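Shared between the two complexes below is chain A, which pairs with chain B and chain C, respectively.
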Partner chain A sequence: MCGLTGFLHKKRKEISGDLIATSITNMRERGNGLGGGFAAYGIYPEYSDFYALHIMYEDNLSKAETETILKENLYIAYQEIIPQRQTPFISTPPILKRYFVKPKSALSPDDEIVKEVMNINLHVKGAFVFSSGKNMGVFKGVGFAEDLANFFRIDEYKGYIWIAHTRFPTNTPGWWGGAHPFALLDWAIVHNGEISSYGINKRYLEMFGYHCCLLTDTEVVAYLLDLLIRRHRLPIEIACKVLAPPFWDEIERMSEDEKKLYKSLRIVYGSALLNGPFAILFSFKDGLVGLNDRIKLRPLVCAETKDMAFMASEECAIRAICDKDAKIYVPRAGEPVIVRLEGGTD
Partner chain B sequence: MVQIDAKNLDYQHLNSLIRTKIAKGENYFILKHVNGQRYIGAGIEKNIKIEIYGTPGQDLGTFMQGPEIIVHGNAQDGVGNTMDNGKIVIHGLAGDIAGYAMRGGKIHILADVGYRTGIHMKGFNKKNPVIIIGGCAGGFLGEYMAGGIIIVLGFNKEKPNVGMCLGTGMHGGVIYIRGKVDPSCLGEGAILKKTTKRDYKILENLLKEYCKDFSINLKKVFDSPFQKIVPASSRPYGELYIA
Partner chain C sequence: MRVREYPDFFIYRDEKRCTNCKLCIKECSYGVHFYDKKTKRVLSDESKCVGCKRCEVMCPTHALSIQKNPSSFRENALWTETYIKNIYKQAETGGVLLTGMGNPLPYPIYWDKMLLDACQVTNPSIDPLREPMEIRTFLGRKPDALEVEKKAGKNILKTHLPPQIMIDYPVLFAAMSYGALNLNVHRALAKAAEELNILYNTGEGGLHPELYKYGKHTIVQCASGRFGVHPKYLKAGVAIEIKIGQGAKPGIGGHLPGEKVDKEISKTRMIPVGTDALSPAPHHDIYSIEDLKQLIYALKEATEYQKLVFVKIAAVHNVAAIASGIVRAGADAIVIDGFRGGTGAAPTMVRDYVGIPIELAIAVVDDRLRKEGIRNQVSIIASGGIRCSADVVKAIALGADAVYIGTAALIALGCTLCQHCYTGKCPWGIATNDQKLRKRINPEKGSQRLINLVKAWGHEIKEMLGAMGINALESLRGNRERLRGIGLNEKELSILGIKHAGE
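So, the complex of A and B:
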């Protein structure tokens, strides 16, 4: 049992992190203090052309080794320790640094960044890149979400899309790298459930150069989104149908055109299917998406106002931060809820 | 009557406050600004009344034996989980697994419900729990149902009145659905049967009370015929480990 919440302002009004912290705190019982985190979009306008690498280091050795690699392959415009506030509730954090970078090779900057992230996470012992998008950032760790919000000074950031997670790990360790969101480039994802297809998904992703190093099933979803939507250019609606496809008997009852489409998707992307119970929220530079598994084994509630969209595990997390008259609705199993910014580039 | 402002009150404080007052003889509570507090009314064995304004949290009225809970708003997941007696009236929607393993009492919901409503619901002798849903139900309605009655009215529908795997694995009880049921929704072990005069008598009796709770015209409810879903067998998995 984990808790998810997220919102988006369709007109890109920048909203303080206080709001997302209030929302996630309202579901305190869904977490157990072994993980929490946030992702925000629009927080680094002064470096919006640079990839913001957030990296956690277990020691100075891994930091030195990583910084040598970074200097070799990337231009670093600015770097600093990620600002923190002292709190008794967060103990022994790793070294947390951020770097605003551009790849030296100009061929495909996104691919270069993915390569760097995978290289560091796979080969540098004790170093983990946990955020690598432009004008966005992930802040996560071990603790209750409200304490991590305080620790990372979330109230000082302003963003137009926010997602948050409170963790109750059941199958994998509660460590700093295993907290949600998981992110790659501007994809960030929070998840409640278990991905029983992790092994299949992981091996499938390895064929495309993605390596899972963070000891938690959710990591595969971040890389699948990058593969399906950025690299294979699938529309988001279709990518969601790859992750949570219709059952074969449903496909049999479809029109001929749909049958052809969904059969092809299941055949081509069978190894990208997510099995097991899940509710996920994922965000990217232009929008926010909510998705449930195909038989809805985890809760997800949505609401929309004129300018904003909200999605959460429980209605109370939305009610805590949203006008009274917002219309609450509940998506069906496998039915993605996709909300885009107005005038987005997607 | 006691009024409690639940704003920023955590669930433990709220519930212990209610219990302390019940022990002192209080029997009527009005809770204002409820938002997500869990277990309201849990395990209470007295015929008290609780009116809730806001959105109560998970497991509302779980294990309760007797109270009447009225929610002026939506409810979340696990409404009436294993409740034994009493009544829950929700003037809004309810999340997943409403009436989970319910064994007595009534749940009346004005709008839609999520998935797995009435899962593992059971009945015995005079214990015959009832769930009535004014809107539509998600998939797996009445999954593994062993007793009791579920009624779906399908008002204000934007989607089909029931979802996939309806009554999967049911081996007791009955589900009535107003309007058409797509046979492909039927789960394994559940079959459609003709509604008889006796069924309509049962429905009228139960729906009278429901319509009174929400000020709905009873005639409007019977403007379309009801379909009946019953188990194909009382022991659907009897041969599972034998054959």
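So, the complex of A and C:
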């Protein structure tokens, strides 16, 4: 069990982190204090052309080693300790730093950043890059989500998309790197569930140069999204249909064109199917997507108002922060809910 | 000087039950039982018994029991009965020891050293009786990515997919030739494959005219002897399998004794009646990988790129590198046959001491192809010693797309693994072309038994998937997280790519 919540303002109005903290706090029951986190978009307007690397270090040694690598391959515009507030509920945090960077080589900067992230996470013991997008950032750790909100001074950030997570870890240890959201470039994802297909998803991603090293199954979702949407250029709704494909008997009932498309998707991307119970929210610079597994073994509810869209594990998390008269609905199994910013691109 | 024959079996006949009805005499194709006019009793010559148990099962009064001969040689750990008897045989005949079916020696069976996972609490198991459970499988080359274009709000697929074969169960019937088996058995296999929407394989003996109608469920084999290979044959099925080797006899060609080559078989194989059908050890037009590539493309050209080309090899030490070459040579599927794979006839030494276990071969081939980023370009079909649906699940979790069953299919038809297929006297009517014996297989009933077997395995596979919380077979394929080793050493675990139980 875990809890998710997220919202987006379609006109890019920047909203204080208070709102997301209120929402996630309302689902305290769904976490157990072993992990929580937030992702926000639009929080670094002054460095919007730079990749914001959020890195956690277990010690100064891993920090020194990582910074040598960073200096070698990246141009660093600014770096600092991620601002924190003392709280008795958050103990022994790692060293948390952020760097605003650009790759020195001009060819495909996104790929360069992915390479750097993979390299540090895989090879530098005790160092983890947990956020690497532009004008967005992930804040996460061990603790209840509301305590982490306080610790990371979430109320001081303003963003037009927010997602949050409260964790009840089951399969994998509760540690700072294992908290959600998981992020790569602009992708951030929060996940409730367990990915029974992890073993093959991971091996499939390895064929494309991704290495799963954060000891948790959610990591594969972030990498799959990057592979399908950024590298294979699949439309978002199609990428969602790869993760949670229709059943064969549904495909049989489709029109010829659709049948051909969905059949081919399953044939080619079978190893990317996410099997097992899940509800996920994933955000990117232009939108927010909610998705359930194909037999809906985890809760997900949504609401939409004129300017905003909300998605959460439970209705109470939306009710707490949304107009009273907003219509709340339950998306069907495997049916993605995709909300884009006005004027955004696919 | 003649060394006495020491019988392998002991025939116990309950005199009180035996009515001297002589049915056992009729049933035994090896001439074990006979009627003694003097004593007016049916007697048995145990030295001829192969232990097929046909007489025991058919005896209307259950008077017969075939047992392992309790008489034994002086105990000797080195010189066991098998070695002693084999030397007697060879000293007598000067010939190569022949045998049938798969390697029976007590090598490690890795299937039995791997355990499957199941869900508890944190992810719900899925009940296949109440929820969809998908085991449909597609064989064939897959592109790395698909291109989807958005046009007027609709998503249009731009990529053209190479031909794929859809099967409803990840289980196919392995290559067993017409000649090694009789037409009734082939009829049963073909009919069952059609009903199950899977495939059967002609083996290297060509395709009987009557079976062309099962083309959509047929893999036609092209082996080194090229028996029965002609343009119409190549186009008859949905796939062509180039047989380089087989698990029971890696590096050795096929051998069908002339006694088995009757008029119909001679026609189908395109050889004279009564001649031995000897397949050369290598294909004489394949002396390296580039030659294989030429044959693959020659076959594709001949069939207008409509048929898949499989390449079957025996699992040998260097199987991963060979498999990689085969993928790069253009094969659509690679069949790996482990050292337990069966045969109609093979030299005993080769069957028992050459090759490697299929479990290890699947693991290293799948790993190698992934490391090279070419796993999606080919389907892996594993064969050789698949005994039950759990073996199928384990093979797929290690990385296979589907499996072949040969021995299991024959057992479904009554085979008792007496290992005397090469004699052509199969009392069960399977590995024989004898006019009378082959009537013992009824194609209708035989196909129903094969259908039952595969359907039963299908149910079990769905149960195991559901227990793992997985509702599509593609999420199990190569998912080694769902396997754990038991009693395996570090090296074995690392080759299989699995953790030990408890980890």
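By our rule, the second predicted complex is superposed on the first by the 346 of 346 C-alpha atoms of A that agree within 3 Å, B and C clash if a C-alpha of one lies under 4 Å from a C-alpha of the other, contacts with A are read in each partner's own complex, and residues count from 1 in each chain.
The rule is simple: contacts are C-beta pairs under 8 Å (C-beta built on N, C-alpha and C of every residue); 3 or more make two chains touch, one makes a residue touch a chain.
Values in this document were obtained by computation on a predicted structure and should not be read as measured data.
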Partner chain(s) touched by A:S62 [first = chain B, second = chain C, both, neither]: neither
Partner chain in contact with A:I295 - chain B first, chain C second, else both or neither: both
Which of chain B and chain C A:I328 touches, first, second, both or neither: first
Partner chain in contact with A:R319 - chain B first, chain C second, else both or neither: first
Partner chain in contact with A:S132 - chain B first, chain C second, else both or neither: neither
First (chain B), second (chain C), both or neither touched by A:T170: second
Set of chain A residues, in rising order, touched by both chain B and chain C: 249, 295
Residue ranges of chain B touching chain A (in the complex, touch as defined): 11, 35-36, 38, 54-55, 57-58, 74, 76-77, 93, 95-96, 112, 114-115, 138-140, 159, 163-165, 184
Chain A residues within the chain B interface of the complex: 26-27, 29, 249, 253, 295-296, 299, 301, 314-317, 319-320, 328, 330, 332-333
Residue ranges of chain C touching chain A (in the complex, touch as defined): 119, 121-124, 126, 131-132, 134, 136, 138, 142-143, 145-148, 150, 154-157, 159, 161, 164, 370, 373, 375-376, 397, 468-472, 474-482
Touching residues on chain A, where the partner in the complex is chain C: 170-171, 193-194, 196-200, 202-204, 206-208, 231-235, 237-238, 245, 247-249, 257, 260-261, 264-271, 273, 275-277, 294-295, 297, 346
